[in-house]
Structure formats: C-alpha cells, structure tokens
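Pasting the structures here.
Both of the next two complexes hold chain A, though its partner changes from chain B to chain C.
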Partner chain A sequence: MRDQGENMLITVHIRAFARFRESFGDRFDVEVESPATVRSVMLEVGKRNGQGVRDLIDDGGNVKKSVIIMVNRERVTGEARDEHPVHGGDEVALYPPVAGG
Partner chain B sequence: MFRAEGKGDYRMLSGRERERYARQLPILGEEGQETLRSSSVCVAGAGGLGCPVALYLAAAGVGHIRIVDPDRVDRSNLNRQVLHAEPDISRFKVESAAEKLQRLNPDITIESMPVAIDDGNIDRVTGGMHLLLDALDSYPARYLLNRVAYQKNIPLIHAAVSGFHGQLTTIIPRETPCLRCIIPHPPEGGSPPVLGATAGIVGTLEALEALKVLTGMGDVAKNILLVWDGRSGRLDQIPVGKDPGCPVCGIRGRIC
Partner chain C sequence: MIRVTRDEFDASALLEEARSGEEGAVVSFLGIVRNDGIDRMEVEAFEEVAEQELSRIREEAIAKFGVTRVDIIHRVGSLSVGDRIVLIVVGASHRKAAFLGCEYIIDRIKESVPIWKKEYTAGGSRWVPGEHE
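Take a look at the complex of A and B:
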C-alpha cells in the first residue's frame, strides 16, 4: 500500500528497447513520487541521459507521441497517455519506432 | 495462411529450375516452390531494405516482383543499397535493381515502376499483388500502402531501420492490427544514419517473412513488433494489438 500515499516514493521497473536501451539502459528501476503517471516516470527516465532525453521528451515536456509505451505489457495509447497512472512495482516499457528504409 | 492458389501457371518445374532451387526444394517442396513461382509481390522501395528484400525473393524464385521507387542512385546510397554500384549512379534505382535481379534469376519476371507512391497510382502499384512489402522510408507513403492493403485485403509486411536498429511486423488485414494501430504517430522523418548491415539484417528478415507468408510455413510476426537491436545483438518482441479507434481498421474509427 506504499504507493497509495501522497508524495511517497515508489519504485517502477523500466524496460527499454533499441535506441532507448542505448541511451538509458536495458532494465533498471526508477523512483518517482506517488501518484505517478507515464509522464512523471518518463521524465525520471530522461534524467539518465541528457542527450537521449531529446528522443523521449518534446520541448513542451510531453512524452513524444511516436514513442511506444507499455505498462505491465499493455500498450498505452490515446490523448490521455501521459496521464496514465503508474503504480509501485509496475513495469513500464518504452520503444522509439524508426522510419528509415 | 495466404497461398497464391489459382493464380499464375502450374507447369512443372523445369530442369533448370530444379537445379537452381536444389538446395531449398527439400525445405519448400515442389508445391512450395511452385507457389513462390506463381506469386506476385510488390517491393515498395529500392533502397536499404528494398535491395536485400528483392535480392532474396528473386533468388528464392518468387515469380513476379514489382519494384517501386522514384529515386535515382546517389553515391551516398552505396553504403547499404547493395543492388546498386558506382556505375549505376544517377540511374533509376528500379532500373538498376531490375537489371541485377534479372541477371540473378532469368526465370522470373521483374517489373520496375519509377514512381513515388501516391493516391493516384496506388491502385496500379498494388494491382494483382498477393503481398506488399514496405521497404519505404516515409510514414505518409507507408500509411497509404497500409490503407490499400486493408481495403484490398492484401497482407503487408512492414519494416523500418535506423542506425543499429530495425523493426518488422506482419499485417494480415482483418486479423492483425494494421500499421496505424501499431504506429499511430510517425517518428520524425529525415534521413537517419543507417549501417548497411542493419538494413541487410532487417531486409533479409523481411524477405524471410515474405517467403513464410507466401508458403504458409512457420510462424510469422503477427501481433508482434519484432525489434532488432544491433548494438546488443538482440531481437525483442513487443506485443501489439488492434486499436478500436483506428482510422483505418478500427470498429469505432473507420473512415475508408
């Protein structure tokens, strides 16, 4: 129940793919304040790499729309994606789709 | 799985074909080889992905390959676009590719279309095809191919690369999510740096996937995005699902 309280730190498990693995690491944990969202978790992930964060977060502080985000292996999409709640112990996976041919 | 039955001719394999395909006939069987020969495949793009895709499909004996690309060969293409060489610079890529492919396998038909895929020609580009292969470098063209694949009920294999990385998924209309479900917002375009070997791996994976879709052999990358990470030498699978609000195939959002 630790993640129910206000301003408590919760631990979220991160799994990064491809270029994000290069920038932020393969599997690691981040600590964020509860209540946490996809946005707050991604901002915390972004702190691990000052260059790599540009591929993850846009100038407005939002997670880039093209980034694929999964919480507990379920894809999170739609306009409210960044506000999707994340709880202590959740696994959040991130992948940046590529475009080249 | 899809089979190109009822299309093309079903004559027996010639002596030359038997010799040419001797090392794969034990895998495919005569029936599988004849299925490939009677298959028509569109390779959209004759660049980093399109070159290995078309090369391996021609070598495997896919009977009709239509290769589509508006661009001409530039020297900066040659680190990865392995069908083109120094003397091909400024030729149409499809012309350069068709020449090499036909030389590799004179028993198949290579059709080249030096056009940029758009609304006006997409019917001509995809007409008569059993399978569409996305070897493009832009999402607007990919979305167009995806929409037409859905409308015409043609399987589509999507692939893309950047740097050390690449991705691939197989789209079976009405069965799997479409490209729009999987990638609703395109990543930034431009011309990302690409190692030739990355395009080679992902393009070869796409060719293998095409052979499996055509012959019905093995498991194809349905409902998953295969992600190649060349830096760690890993192939990961990201599960993907249909988006009910998808503007192409969604039950709530269909516009086409």
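Take a look at the complex of A and C:
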C-alpha cells in the first residue's frame, strides 16, 4: 500500500495458459493500482517479459482480441472488456484461442 | 460422465456401458493424434474450467436435441501418434438426435473449451492454432 491519498495497490492472482504460460509463467500475482481493470492488469502482466506488452496489447493500447480473458472463471467479452473491473483477490486468466478436441 | 484426465481410457468399455437398453441409438466420436510428421503432442487444459464448460455443453446438447446420455472424456498430457485425445458418447431414443448431438458437442468443444495442443517434431515445436476467434 502507498502513502495515504494515493491509490491503493491490490493483488490479483493470474493464471496463464499455452503460449502465455510459456511467456509469463503459469500462476503468479501482480500488484496494480485500484481501481483496476482488465486493461491495467494485462499491462502489468505484460511487463514480466520483454516482448510481453506487445503480445497482449495492440498499437491502440487495447488488449488484443486474440487474448481471451476470464475473471473469476467467467469469460469477459464485448466492447467494454478492457474496462471490466478487477478487484483485489480476483483471479484473472489469460489464454489464446482454444484448440482442443 | 465428464472428465479431463491424464490417464488413458478404454473407449470400447465406455461404448459398451452406453448399451443399457434405455437408448435406441448411440453415436460416438473418437479424436485421435494424427500422424502429421510429429513425434508427440502435449495437451494442456485449464482443467477446472474445461470440466465446467464440458458440463455446460452436455446440458446444451440435451436441451437442443433431446439426447439422453452424454459422456465426454478429454485427455491432457503427453500423447503419441495414434493415441486417443477425446471420446464423446451420445445416446438418444433415435439416431438423428444422437448424430446431431454428437456433432454439436465436438464443434462446441473446438469453439470454447480451454484446451490447447502443442506438437513436437524433429525440427522443433508449434502450438496448434484454434479454429475460432
């Protein structure tokens, strides 16, 4: 936590799969300023790796559509996806398009 | 039965189990590691979510087609050419519902269940691209 008057830092639990697991690790925590969003969490995840931000964020500063996001095991989709709120203790999962079966 | 497992499964036994007499038709789909010049394949899943999503797909198939029995088993871990990846067994009163239900389930798995495959060849490795998104 920072000095009073500044934004609080919250801890978010990350799960990453497939090529994102290889880039960032499978399970780890990140600290982000509250109020946090899918976008601010993905920016923080991206910083773990030299190429990371470019893997997750497009030139316009938005989370790439090819990055699938779950917050507390529910898919987050739609136009407002990047602004979806993330709270302290939430689990945020990121993964590429699925290829099972 | 819905299961994501590291263990090999007995497809014939599962198919035989479905022959209870309750359903007049049983359709199965078996997905197999194809020989595309690969040495092996690693299958990875977000296991808790994958099982939850497979259960949701089973409920969808029951609601849409009136099928009465659905078993889905998906392997994870290291697989070789010829190994079973996925088995779907669908039972219904009549064949049409069983065929439609089975095709629906494999299509939905490829669309939304968090599972990925990485192929290993003599020259290196590559992630199998998803068909959607």
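Keep this in mind: the second predicted complex is superposed on the first by the 90 of 101 C-alpha atoms of A that agree within 3 Å, B and C clash if a C-alpha of one lies under 4 Å from a C-alpha of the other, contacts with A are read in each partner's own complex, and residues count from 1 in each chain.
Just so it is clear, contacts are C-beta pairs under 8 Å (C-beta built on N, C-alpha and C of every residue); 3 or more make two chains touch, one makes a residue touch a chain.
Computed from a predicted model, the values in this text were never measured in an experiment.
Trainee: Given the touch rule stated above, what does A:P97 touch, chain B (first), chain C (second), both, or neither?
Mentor: In the superposition, A:P97 touches chain B and chain C alike.
Trainee: Once chain A of both complexes is superposed, is A:S66 in touch with chain B (first), chain C (second), both, or neither?
Mentor: Both chain B and chain C are touched by A:S66.
Trainee: Just chain B (first), just chain C (second), both, or neither: which does A:A18 touch?
Mentor: In the superposed model, A:A18 contacts both chain B and chain C.
Trainee: Taking the stated contact definition, name every residue in chain A that is touched by chain B in one complex and by chain C in the other, in rising order.
Mentor: The overlap between the chain B and chain C interfaces on chain A comprises residues 17-19, 21, 65-66, 68, 70, 73, 93, 95-101.
Trainee: Of all residues in chain C, which touch chain A in the complex?
Mentor: Chain C reaches chain A through residues 31, 43-46, 48-50, 52, 74, 85-86, 106, 109-118, 127-133.
Trainee: Within their complex, state which residues of chain A touch chain C.
Mentor: Interface residues on chain A, with respect to chain C: 15, 17-19, 21, 65-66, 68, 70, 73, 93, 95-101.
Trainee: Over in the complex, which chain B residues touch chain A? Could you list them?
Mentor: Residue positions touching the partner: 45, 47-50, 134-139, 159-167, 183-192, 194, 199, 225, 227-229, 231-232, 236, 238-241, 243, 245.
Trainee: In their shared complex, at which residues does chain A touch chain B?
Mentor: It is residues 17-19, 21-22, 26, 65-66, 68, 70, 73, 75, 77-78, 93, 95-101 of chain A that touch chain B.
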